[in-house]
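Common to both upcoming complexes is chain A, partnered first by chain B, then by chain C.
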Partner chain A sequence: MRTLAGVEDEEKWLAEGIAGIQHNAFFMHRALDANNLREVLKYSALMLSELRTSKLSPQKYYDLYMRAFDQLRQLEIFFKDESRHGLPVVDLYELVQHAGNILPRMYLLCTVGSVYIKSKQAPSKDVLKDLVEMCRGVQHPIRGLFLRSYLAQVSRDKLPEIGSDYEGDANTVIDAVEFVLQNFTEMNKLWVRIQHQGPGTVREKQEKERNELRDLVGKNLHVLGQIEGVDLEMYKETVLPRVLEQVVNCKDKLAQYYLMECIIQVFPDEYHLQTLEALLAACTQLMPTVDTKIVLTQLMDRLSNYAASSPDVLHEFLQVEAFAKLSNAIGKVIDTQLEMPIVGAMTLFVSLLTFTLRVHPDRLDYVDQVLGACVVKLSSVPKLEDARAMKQVVALLSAPLEKYSDIVTALTLSNYPRVMDHLDDGTNKVMAMLIIQSIMKNDSCISTADKVEVLFELIKGLIKDLDGTNVEELDEEDFQEEQNSVARLIHMLDNEEPEEMLKIIYVVRKHLMTGGPQRLPFTVPPLVFSAVRLVRQLEAQGGDIAGEDVPATLRKIFQILNQTIEALSSVPCPELALRLYLQCAEAASDCDLEPVAYEFFTQAFILYEEEIADSKAQVTAIHLIVGTLQRINVFGVENRDTLTHKATGYSARLLKKPDQCRAVYACSHLFWVDDPEGIKDGERVLLCLRRALRIANAAQQMVNATRGSSGPVTLFVEILNKYLYFFEKGNPHITPSDIQSLIELINTEMLSDNGNTTIHSDPFFSSTLRYIRFQKQKGGLMGEKYDLIKL
Partner chain B sequence: MVLVLALGDLHVPHRAADLPPKFKSMLVPGKIQHIICTGNLCIKEIHDYLKTICPDLHIVRGEFDEDARYPENKTLTIGQFKLGLCHGHQVIPWGDLDSLAMLQRQLGVDILVTGHTHQFTAYKHEGGVVINPGSATGAYSSINQDVNPSFVLMDIDGFRAVVYVYELIDGEVKVDKIEFKKPPTSNSAP
Partner chain C sequence: MNYLLGAFKPACNVSITFSDGKNRKQVPMKKENGQTALVPLFHSQDTISGKVCIDPYQGKKVEHNGVKVELLGQIEMYFDRGNFYDFTSLVRELDVPGEIYERKTYPFEFPTVEMPYETYNGVNVRLRYALKVTVTRGYSGSILEYQELVVRNYAPLPDINSSIKLEVGIEGCLHIEFEYNKSKYHLKDVILGKIYFLLVRIKMKNMDLEIRRRESTGAGANTHVETETLAKFELMDGTPVRGESIPVRLFLAPYDLTPTHRNINNKYSVKYFLNLVLVDEEDRRYFKQQEITLYRLKEDASA
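Then we have the complex of A and B:
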């Protein structure tokens, strides 16, 4: 019995043991040299007695054992050579049984037994059977384990396998298998019992050391895997059942875990497939403390690799109903191991899903089944709070996304959204982002309204506030990233068929409108442009859509557009809304829908009047209005007049004079459109330019008054350029003398400043004059025209 | 040899999800010395992406740009060329080359790079060259009915500029090139 001893004591005992072995070995060797059998036996027995110690820990005992082992090799050589000791091996076999204590006796017997078998004077199977039975005499766990290990070692090359020297009669392989199985069973029992030795305080250390001896037991399984003649039949009928029986019955966590792993690694995958039911049954019967997840995962990994190795293998999987069996086994494990935390169950599902995606990727029903089982399990817990479990669920949901590059496949899995529902809001959004990223990465296109519906259900955490979330709490950058992702996603929803595309737009709109004022600025623009693109497509192709004629459909779309942009007033973001209204106005004009276009312009103007107060924003807004209006040709005279009047009016009322000036001369283009049918009202063009000139003068005077010097002549030069523009276009109201006067005006302004002209206008004026000279010497009609301008 | 990437009107995410994959694989970091961008990115993510391609990024404001601090126009010198950059929604009529020529005279640049119409053009006139790189994503435009994704790469070497235009047509990238020379002595147009 081991006392509570320190490491030092153990070292001392080991040293003593080794010394003992060496001491007796010395004399044994002398006896060997002298061929003195009696002395040999005496000293070898004494030597082996050192192995009778119970003071050593497993690791130390191993050390001692190896010393003895080395010596026994010498002994075997001696035994083999009858000429040296004079005894036939049969007699030798009998003689060594007279040794005093059982342990040395057994070691000697095994050694002689090895020689005996080699001599072929007795069938291998008989000797082996004899030995393996007699080893029962040593019941001490450590001593017995090592003794049997020795037996296994010396017998390895002497098994009656098929094709070996020791092949017996018809049942020869069974004999070999029987021997190994029996030794294995006994060794495992002994190994398990090691943990019950010694006081509890050293148990943890003991466990660790015990673990290190596991290969002694496992070796037997390797041997079973290597025996020639063990076919699937024998494995199925004899080997596996016996091994599993021991595994289950030993009820030892360490042994069960190790041996299951061993079985999976050692035996071929085809065998596993054919014995799947037995293997899985054993898995469900293991101790609850065994990490069955890892065992099952290992098994599934191996089977996945096997499936990938060759396409012919696949039908085997279907034939044995591998998926069903695995699925059931996992379900059983989860149900029976009630203390298993949710993260464990999720990990199992992830492994099963990985297996399914690798082996049966085309069987979406299997994939959905796994997800379904997951949903059931998740429903049984009140609320999922464990972060690690959450992570597993995300891994579970990500797997189909990665496997199927076409998101539409994942969208058909009915249980997918149900699993997502169990995530907390934060993780739900993470998952939604992953889905969007997958779509973007694979450049997928979702092309039917019902798939879009499913998709938006999945990502609803991004689309709107779920119960419990508060948009204010969100990090701003994260929020923007989310919403921009949703925005980009909208462009991946597309169908060439206008009918279906319109349905898609309706679905998207329905969802986006629930987003609230913080989301709309991000999500409305892509929706609007999606719809405007559809408008253009419809207008180009004509025909009917869903039994309705195109103009009616177009009007409907414009109505939706109007309402959608109007929703932005809740944010509010008038500048964006104005731009969108103008886009729609232009689209409506291209469709020849004058009232619709007018309505959009009205909305834009209202926003300008009532909502846009910032002067810089006003400048841009008015330019956009004028620029759009300039291009639109659908308006009749009255409507056009109203709108241009408003535009020019607002231009003249901008805050800063230079801005006024520029906006007003921009308005001149409203009265001259270069199309053959375009408006060409030369007089009103000139009125605008003159008005701009007056404003420029006023601006100049203001600068004079406030700073005491002349301002830059830029504005005048710009207006001059506009004069030239319309002069070239053939506006009869713009005469060469007008242009000359303007040039003189500029010269005067520059002179009066006496060297304080900014560098900016000087080159501009110079390059304009250069342009005039260039046009003069061009020749032809243009040259003639310009000739009239005197510089 | 100085490589200048000119692009704009991406309209991400308002009108497009991203640059075409074929373009993205061509725009490799470290190969380009300057980027000039006509605006309408529209979001910071695109700005950051462009910066990874080349840190020397010049950009002007488009009417849909999220960042209102971009300037209305910009001028810079590369090699012997003075370049001007402006989105173009400020110049009415939109896309009108004579009006753009006026802007060019005003900025006093040899090459004016401008956008807004989503239509590639390279136009030589008395005052210089006007280049419109089009829309890099092929985004919807009310001005141009048929938009193909396009961008421009300029190779500026002293007084010579070679303009390569890359257009994505029916899934294939087509390249065209135009050459401009600037007379060394005069300060007039190339």
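Then we have the complex of A and C:
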């Protein structure tokens, strides 16, 4: 009836109802003032008759109910005072039952009943039992619910719980529990029944209305949770089985969900723990449409928090085998609820895992078991496409990472990579990044090849293109970020044991080589450096390790390095490859492996010749080559000559004159290594420097020709500095007169350049001159030397 | 007839008083004119004694052919109004014919009178007890005075008082089983019971328990049956589900009931029924009627 009516009509009916209540309440109050019991009963019954309406929605009915409720409080005060109405309460209890209509009768009975209990003229349990039984007469769901909620409310402070006035003798806490349980059961039945009212077309609205009423039912559970004296034993034996029985039997999804939630929230954690079996059994018996996962999740969350709250309780968890039970239950739920979306199952697994990690941090096998179950579930569905499910899986995989700061732990979980396999590529990458970040954050070192293997298996989404990945979709910045992470990760792979380290390098290389041209520039350098570090380590240990094997091992490493860098040069990324070759060459040199070093140099030169065309890159490359070559002392005369010759040759052939000049004077260092055993070929140094001067001159003239002014004298000053350097180092071919003439040359150049400016305007030059003067004044050996230079 | 002469002012005032009138319990009784008056209450085997006082009006004398007092038990059928059937009639002669000049008092006594039936005021029938004083006069008509009595008889607790249990239903639609704790109730009793719903396929609005009184008068072809609903007591609001049981608790005290009367002097019977009525949402009524026996239990001194 009410469902067909509009909201306006409902407002009207509510207004009418309120008016009716007020009207009768007015006469009731008059009778109250006159202490006229008969009239009081008459008008209160009339007033309560307004609650018999079927026209209002629960919300509006609640409004009406509250107004009547306020009036009933007044009535209760009147009933309490025997001097006002002159009847013993027991007679009053009978008298109100004469009312012809059940609803007013029951409201009055409950009101008098509460006075009756208070008077203690009858055992409270008897009165309560009678009330809860008599309320059965109201079978209309909404009216019944409100009536019973009224009963619950007026009886709340009169339950014979432990410590209350009404406890004792025949009235025990069991009676209180019994009463609340019964009222709860009946209320739940009524609540569930609402859905059978009215036509099916308004189902949705009904569900909403029912939801609004749920707290009336839940209130009973709150009361149960608050009753003093409900100990674990009673909870286990009476309260929970009864409540669960009702929950399971009502076969209503809304009720089951809400009530399970209530149970979990209302009762203490330790009770849950001790009754886990029953609770979980109930969970598996819920309707398939109930969102069991949220229920279970909440339960596990509570238990995990409980476990986290104090270490003392952990043994309880072990005692009741909480994990096994939960795990079983979840398995069952997932098996039976076929319609449950995959995201639901995943959420459950996440909760279980969180629980496991909190409660049994030491039981890796449990964690693995959870992941295993997850794999089984994931395998049963096609490809995971639900974004939310994916998120849950990521959460699932992240949990162990967070818990075990040592990533190594996660690597021992055999099911971990299998779970990852089910992620899509994007998520897989995110997960891989998380793993790497975790390693970085905890600064944990992966020290065995096996673990490295596993780790790379895990992050393979970053290491190589997976099938079907659309490369163009990749965001450049993200990609760089990812690859940088991988690069950083490689540095975390370390083992003191060279042999194991070598294995690690093999493994890493194997994986990295699959990365393709985009990744190699990021990943090869760290690998190379890692290998070089191993080389240096071996070299430092010298013969300590395994005697003859060492050179062989070293050679092997260099072979790998060579191949690795070669891969890079084919990418192509010649500049990088060149640098790495040079690094390796230097390392090889330190190991006294001349042919190896030579080979690396050769490679570097080949690269220079064939691949590096850009003039700027060439300049940089030349300087690198020269710098490296200068430091390497392993080469025999012949090899060295070849290489230096090559280097100087390339230097002179650079495109720009200033570059040429600078490269050439840099080459001078190749012939003068400033250490006792270093080569000291003064003549060739001079040759180089002179050549540089010539080029500088040519450069100056060229500038003159094109611009009309000769430009700065920087090149000359630079060369002057080189002269001074070698002069100081004692190169016999550098004479003071050479320096002197060079200074003069610079001065002339400067004059001719800007006739109107003062001399020494070039700061570099002036500070060079200042240096010479300083050395002169300082005296000593160097001072004497410098005295020969006349300024 | 007599009452035609009653229009004249009578020569004397006749009054009847009971010897235990001050202590005797009085109960309200509805008179024919609709007003209620308090009337002394008697039980069977009571001794009815008292005084008849004849007080002639100032300066008048009453000549009479004798004074008598009668105790009458009468049944009056309303379709035959004014025609009383006396089932009890006891007479005491108080005076021989003579003249009364001044107030004169006659004591009388009917010891341990058998009054088998209760006073009853029904729809079609009335059973009453009265004391009738007659001052017989010759030509000027007799002077009559009535004093009504109410008679109530207590019944002992019944030996057998089994519960009423019945299963009723409509095929495939509604199936209920009800149970009342007794079949015989005293007038201040309380009916306890339960109604079990075994099958519910209709939507119900409510369920009431009614107390109905069936009064049948006359006999054979002239039998008149009159049924009244004396109580309508709502037991249930809304539709129960299968397996639900609804409690019944009905206090009889507030209702105006009499004991069950069976074949009183072959004139009438009064029977009581409990009628369980279910009303569905289309206002169709489903009901089942069960007879109960009501009896009057001797009340405690305190009651």
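Everything below uses one rule, namely that the second predicted complex is superposed on the first by the 674 of 791 C-alpha atoms of A that agree within 3 Å, B and C clash if a C-alpha of one lies under 4 Å from a C-alpha of the other, contacts with A are read in each partner's own complex, and residues count from 1 in each chain.
The rule is short, and it goes like this: contacts are C-beta pairs under 8 Å (C-beta built on N, C-alpha and C of every residue); 3 or more make two chains touch, one makes a residue touch a chain.
Please read these numbers as outputs of a predicted model, since none were measured by experiment.
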{"item": "Touching partner for A:Asn305 - first (chain B), second (chain C), both, neither", "value": "neither"}
{"item": "First, second, both or neither for A:His140, with chain B first and chain C second", "value": "second"}
{"item": "First, second, both or neither for A:Lys189, with chain B first and chain C second", "value": "second"}
{"item": "Chain B versus chain C as contact partner of A:Val626, first or second or both or neither", "value": "first"}
{"item": "Touched partner set for A:Glu94, first chain B, second chain C, both or neither", "value": "second"}
{"item": "Partner, of chain C and chain B, that touches more residues belonging to chain A", "value": "B"}
{"item": "Which superposed partner A:Arg52 touches (first chain B, second chain C, both, neither)", "value": "second"}
{"item": "Which superposed partner A:Thr748 touches (first chain B, second chain C, both, neither)", "value": "neither"}
{"item": "Which superposed partner A:Ile102 touches (first chain B, second chain C, both, neither)", "value": "second"}
{"item": "Shared chain A contacts, counted only where both chain B and chain C touch the same residue", "value": "none"}
{"item": "Chain A to chain C touching residues, read off their complex", "value": "52, 94, 97-98, 100-103, 105, 133-134, 136-141, 143-144, 189, 193"}
{"item": "Footprint of chain A on chain C - complex, ascending", "value": "204, 206, 231-241, 244-247, 249, 251, 253-254"}
{"item": "Complex contacts: residues of chain B adjacent to chain A", "value": "11-18, 21, 43, 45, 63-64, 89-90, 92-94, 96, 98-99, 101-102, 105-106, 108, 126-127, 140, 142-143, 145, 188"}
{"item": "For the chain A and chain B complex, residues of the former touching the latter", "value": "440, 443, 480-481, 484, 487-492, 522, 525-526, 529, 532-533, 536, 540, 579, 583, 586-587, 590, 620, 623-624, 626-628, 630-631, 666, 669, 674, 714, 717-718, 721-722, 725, 728, 763-764, 767-768, 770-771, 774-775"}
